[in-house]
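Next, two complexes with chain A in common: one pairs it with chain B, the other with chain C.
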Partner chain A sequence: MATGTERQGTDRAAFGGVSRLRGVVFRYVTFAASLFGILSLAVLLGYVFWDAFGLETAAPAWYATMVVTVVLPVAGFLLYARRNPLAGRTALELAATATGGVLSGFALVVVLEVIAGPGLWFAYFLAMGVPLGALYLYGRRVEASWTGLAVLGVLVAGPVVGTALLGPLSRIGGFLGGPGVYYLSVIAPTALVARHVVDEYLDGPNGNYVALATLVAPILAAPAIDTVAVLSRSVWLLFFPTLVVPFSIVAGRNLATPGRRVGVAGPLAFALGVGLLAVVPDLLGVAGPSPWFDWQYVTSAPSQTAEQAGLYPAIIGSIFMIVLVALLTLVLGVGAALYLEEYAPSSGPAGAVTQFIRINISNLAGVPSVVYGILGLAVFANTLQFGFGTVATAAFTLSLLILPIVIISAREAIRSVPDSLREASYGMGATRWQTIKNVIMPRAIPGILTGTILALGRAIGETAPLIMIGVATTKFSPPSGLFGKMTAMPMQVFTWSSYPSEAFQHGVVAAGVVTLLVVLLTMNSVAILLRNEFERGDY
Partner chain B sequence: MTDDKTKTASRRSFLTTAGAVGAAGLAGCTEESGNSNGESGGSEGTDTSTELSGAINITGSSTVFPLATAVAEQFRADNPEVEISVQSTGSGGGFENFFCPGESDINNASRPIKDGEQENCTDNDVVPHEVVVATDALTVVINNENDWATEMTVEELEQVWGPDASADQTWADVNDQWPDEEIERFGAAETSGTFDYFTETIMGEEGAHTQDYEPTETDRTIVQGVQGSPYAIGYFGFAYFFQNPDQVTAVAIDDGDGAVKPSLETASSGEYTPLSRPLFTYPNEARLSEEHIAEFMRYFIEQSTNEKVVAEQVGYVPRSDEQAQQELDDLNAAIEEMG
Partner chain C sequence: MARNEDTMADGESNAGTDERLITTDVTAGLDEESTATTDSSRTVIDARNVDFYYDDVQALDDVSLSIPEGEVTAMIGPSGCGKSTFLRCINRMNDLIDIARFEGELRLRGKDVYDDDVDPVALRRRVGMVFQEPNPFPKSIYDNVAYGRRIQGMDENMDEAVEQALRRAALWDEVSDQLDKSGLDLSGGQQQRLCIARAIAVDPEVILMDEPASALDPIATSKIEDLIEELATEYTVVIVTHNMQQAARISDKTAVFLTGGELVEFGDTDRIFQDPDSDRVEDYITGKFG
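== the complex of A and B ==
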């Protein structure tokens, strides 16, 4: 702006004056637009959480206890962390490791222990995991060009061999028992990874000792674990690599660095506070909240009695389905996107066909989900005989539903890799395959993962196509296998929402929504962790 | 697996079966369509033992759905190896898409099977066996502030809901004692058995219904609509009203012999006419040769007299002991026939 009032006057006269009002109004309109969705969702989620955790029944004294034991210590630490950012970062790192560990531990238990089962998992681990791991380790030591092709061979032949030899291989697993299988297939690789991580990125402890500790600690802790009723040895062995090992390494490193030590106090105070909050009100006889969303809810079958109702079969069904959908869409979606962006001809008659396909994929993303339901019914349930309402039918149908979105976002991610990088790679004499593998994919993966996870979030909440393919509304046991009947969380929650009693309307349904959100957030956080891992990578 | 705690034991035993069935599935057994062929194979081997296993697929009416899930829940408590899935598809949708093509073992209906459906089933060699499992009473409800229409004759209902009811019909058009305010109607969607039943009994012709109303499959929506206006009227199954008697007022229906309020007693005694109806379930007779399905149907009929389940939990009218015994004898005869 001009400094002299006189000159401003002449400007106005010359240009007719510029009002700032429009700009200010526009700014606040955009501000309101960005708040609108967030606020309405926040209000809704507030209600849902209030219901799901039964906060209404908690006495004021309980809230007072909560403020004293949890809110005040955490707030105090946050204030301190503003002045000491290093402590804040340490606390964040610890909290993220703990939360991520718990969530991925649950995910691992559901996928390996509940859905696959130790026998099945071990059969495929022997057929695929062991050869792949061996090839990887060999490839790191010896420079050999055949390992890459061998990996591809294992990826193709592994599932076939595993399926063909399923009987004998899973009998080996049965002989070892669940804990034995997990010790060999999960703990042992973890020890190797831990050794590698400690040796590469941390100075101080010797990786061999860490690996040894990883191998010995779960066995030594077994007697203590046996005394905890809800924690079986298998579950312990699956939580060990996701929660205990990473947390120990992170905590150990932070404790070893003097400047970061104080940061451990924050999470410690929070954990202590929550522990106190669980104990103190009981001792004082203060009424706490009566949550609908609790352990019983996530581990029992649906019921006509609200107090006994649970979401277990639907949770397992949804996760089983979404794991398959994730595998299918990643392979098919990224494959299609790579072909369309990197290989497909872009000129001539063939180019026109490519262009036609590209436009149509974009259009497919907008097709209503019911239409995909009919498609799934016709193709997978009827023609291919996958069965009505089975996990396989549901997974393939939902994969078709989200494939266009995955392909589009993967294409965008691949296209956003600058051409200069491609040209530089070609200029160095790299083949197209080498360019894709070493230059394009590493940079595109974060974008691909973001797009895929958003699409998976849509798939897990989808109901209309599931109704079309005959997925059960209520089921009392999880799906019995790939071709077993299933039910999904949104189906069950929707059914409950039409139950007449207040307890269902305001308790069970709310708890179902919270469960759905927790599963969704787990998926997202695992994806974000993976993405950050790739973004941080130095290629 | 020596680490099993009692709490996780049943889940663990599921795992072994899950592994085995998953293995069979992965082994390329794609012909197994999820019901009779593959999974019931397990039951043949266990005929001699008391432990039943196998899968039961139930489809059909959303009205019978809560009753079927309540019974299935209890049945599974005694037979944890039986895998039951219940799908709410509507009576007609269940017959058309699942039961007659042989996809489901049992189809629920809130009305007797239609001739067309019977033919459709016979064409596919599916023989439905009719079982009455409870009595449902439809309730006509009005807003709690409505003090004029607490008793209505069938003719008055016909005027309000019939196909000739005009969009701007007022309460005074039906009865000149009533206020001159427009009627707001909330009723069942055309796909539901409740719609068929209501139109057939009140209008005397299936599907004859005013277009000027708010159609829904959800009872709760109807209650919310009726609560929203003193001039609103709606109808739905008895279950919802039984559990929430204070939210709206039930209309006493006069079928010529004085107005009768809907209740468990008046419905089971047959006093509450014409809006009480039997609810059906149709097992596929061929599937009754499978022990776990036959046993489930016997259990279903036994439970249909259970006041705690049928009336308190679900809100329908239980059957009498004699009626249930008759159904049981018929069922056993059908099972024996299948041999």
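== the complex of A and C ==
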């Protein structure tokens, strides 16, 4: 025993120690680098938010009220949710439904009410939406082989018919008026969808009642809506299907499930707290914050007086443009990446050409954005006559700018699909197209979306190429259409930053930055949701 | 695709005209020929003077053999001897490699699979394949088995077809209540049987297996081996393995490839393992060479 212990002791001494000094130093250096980045960003954001919400005017009593009405109840609920995860999930579900509903409702208002207008929307709804819906309903009841072809036919013929008959069709829309158009084209389909969803996926109320409620509620609520100044009937009808109906269904289902009922308390407490915060300080005569970033700011046009200045035309312009950019780059970028990875020859003389193209796409990703501005000016604005400073010119120019990034990331995503899966599919006798559709794309889509999000984030913040193609720095109305003149958020914010007044430099600009961030984060969260949906594995 | 045409031209110029007459015009002649070289069973795959190159490197050197129907044919040999390459020639999986080049003749039921009018996709629908690493799709078990039938447009009676394939792959009892689960959630051995079920769901004529048990533990391996013997009652199975005991256990015929892509000996498994003609084969089997 004694000798054993002794030997053990000598052995240990013989091994000695291994110095980890360099490793430890390196570890803390990397930690310091991360901390520096995160802290600088936090300070910057804090500074911007402080200005944008005018927090310096709020009295200490207001902050005290906020802590009591909002922070404490929410913190309490979060603590409780740690012990009751089901309640936490319920609260998260409700919060996500509400946030998603507000944002998608806003998007719907922008697209239908602002950009298209009820007349134009209704014309295309009659020409395409109605036949497609009828075909879908018919196809669900009857197994018919021609419905697929018919859908294709409607997709091709619909726009043609809609454009040809635009005059008479939009006159119908004009006769019905905005609310009438939306009731027929948005609320009625929503009722059908809600009935289907409730019957198919939820065991609870009868779908017919839900559909009936969806049809009746907007009419019953109309008088009450008219008393709210900022909500027109049209806007209310567009928010109804995105916010009110899903939220009611989700809330109703959670209230009906015993274990989840308590989870509703969280969002409820938050909503009540915010409501109290809006009312109580006023009653007590306590000064609250005077935010620059508010409803008036996002809904009104720019102005020479800081208090009346708004970002509305730029918000619409940026969103309109970025939607087009997203569509263009996804189609072109993913198409190019698929060709380069799956079809293009990789050996012989043709392979050398492929290699040359691949390398040069990587080079294009590094070209300064001003250069793309000149290209856009020459090609889209001048040669193709899209016009100076129009949505089309801006969207095509920015698409060119981010296309290399999208192609590179899509190629990476496609290449990361294991070859063993390709072999499995080809070995089963799948064609290349079947393999791409069933095996490669489903696996690659999350990666493709990640790359596209980053690229779109770059596009929405660009100013240099927009200046080159003659985009206005300030505009007082949103773009009238694809070939209408536009302005973008960063352009407008930059213009304001050169105004001499303190209120513009510190208040209006900060609010613009916050708006830009909100739009960017919304865009990213939509893409992340989509990515998670695809990443779940079963497709 | 230009590559395949090159291959075709080479193949035609190299193939002996006499053999061509025998094998295409007189199917009976084919049978007689195979009777001479193998037993009385019918030949399904008939390779004549197959050479195969990756760029300049020769992977197969003048390989000729006849694989009989309804039996298990094993291909053994050291790493890099070309046995997998030969297997992948049969369903033209090597077409997917840009630099690959095929010369010679390889007939499936008398039809040269490297002929101009043979569509490799249609060929692979008749010749199923199971790979070394289990590679189920990241889809549900059901969708994995249904994949082949769906891409071929065989949509009717899908539930029965899936059940039958899983039963024949000896997997049904383990997964019947979790068909919605991802195929990747199964164990390695189960995944490989799922891949076999996926291959037999479309009723191929031949099943090629490229070292199907080399990534599995002994118990999973023995299940796969039992399954292969079971499958041989209905299908022609060609299996590549580097495990000589496995070849001896499950195969009826054995082909021994040695370095340089040369087929050294081909014949009944019992004879190959007990009394090989070639000294090199004897050395390899007894472990003096590897």
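Structure notes:
The definition used in the following text is that the second predicted complex is superposed on the first by the 416 of 539 C-alpha atoms of A that agree within 3 Å, B and C clash if a C-alpha of one lies under 4 Å from a C-alpha of the other, contacts with A are read in each partner's own complex, and residues count from 1 in each chain.
Simple rule for what comes next: a residue touches a chain if its C-beta (ideal position, glycine included) is under 8 Å from a C-beta of that chain, and two chains touch if they have at least 3 such contacts.
This one's a predicted model, so the numbers in the text were calculated from it and none came from an experiment.
In the model built by aligning both structures on chain A, chain B fits alongside chain C without clashing. Partner contacting the larger number of chain A residues, of chain B and chain C: B. Of the two partner chains placed around the shared chain by superposition, neither chain B nor chain C is touched by A:Gly76. In the superposition on chain A, A:Ser347 makes contact with chain C only, not with chain B.
When the two complexes are overlaid on their common chain A, residue A:Gly427 makes contact with chain C while staying clear of chain B. Once the two complexes are overlaid on the shared chain, A:Gly153 sits clear of chain B and of chain C alike. Legend: residue contacts after superposition of the two complexes on their common chain; A:Val439 is shown touching chain C, with no touch to chain B.
After superposing the two complexes on chain A, the shortest C-alpha to C-alpha distance between chain B and chain C comes to 40 Å.
Every residue of chain C that touches chain A in the complex is listed here, in rising order: 91, 93, 96, 98-99, 121-126, 128-129, 131, 133, 135-140, 143, 147-148, 151-152, 180, 182, 184, 195, 198-199, 202.
If you check the complex, the residues on chain A that touch chain C are 345-348, 351, 418, 420-431, 434, 438-439, 442-443, 537-539. Across the complex, chain B meets chain A through its residues 1-5, 7-8, 11, 14-19, 21-35, 38-39, 55, 57, 59, 65-66, 69-70, 72-73, 76, 80, 83-88, 97-98, 103, 217-220, 239-240, 242-244, 313-315. Within the complex, the chain A residues that touch chain B are 113-120, 163, 166-167, 170, 177-179, 226, 229-230, 232-234, 301-305, 384-390, 392, 470-485, 487, 495, 497-502, 505.
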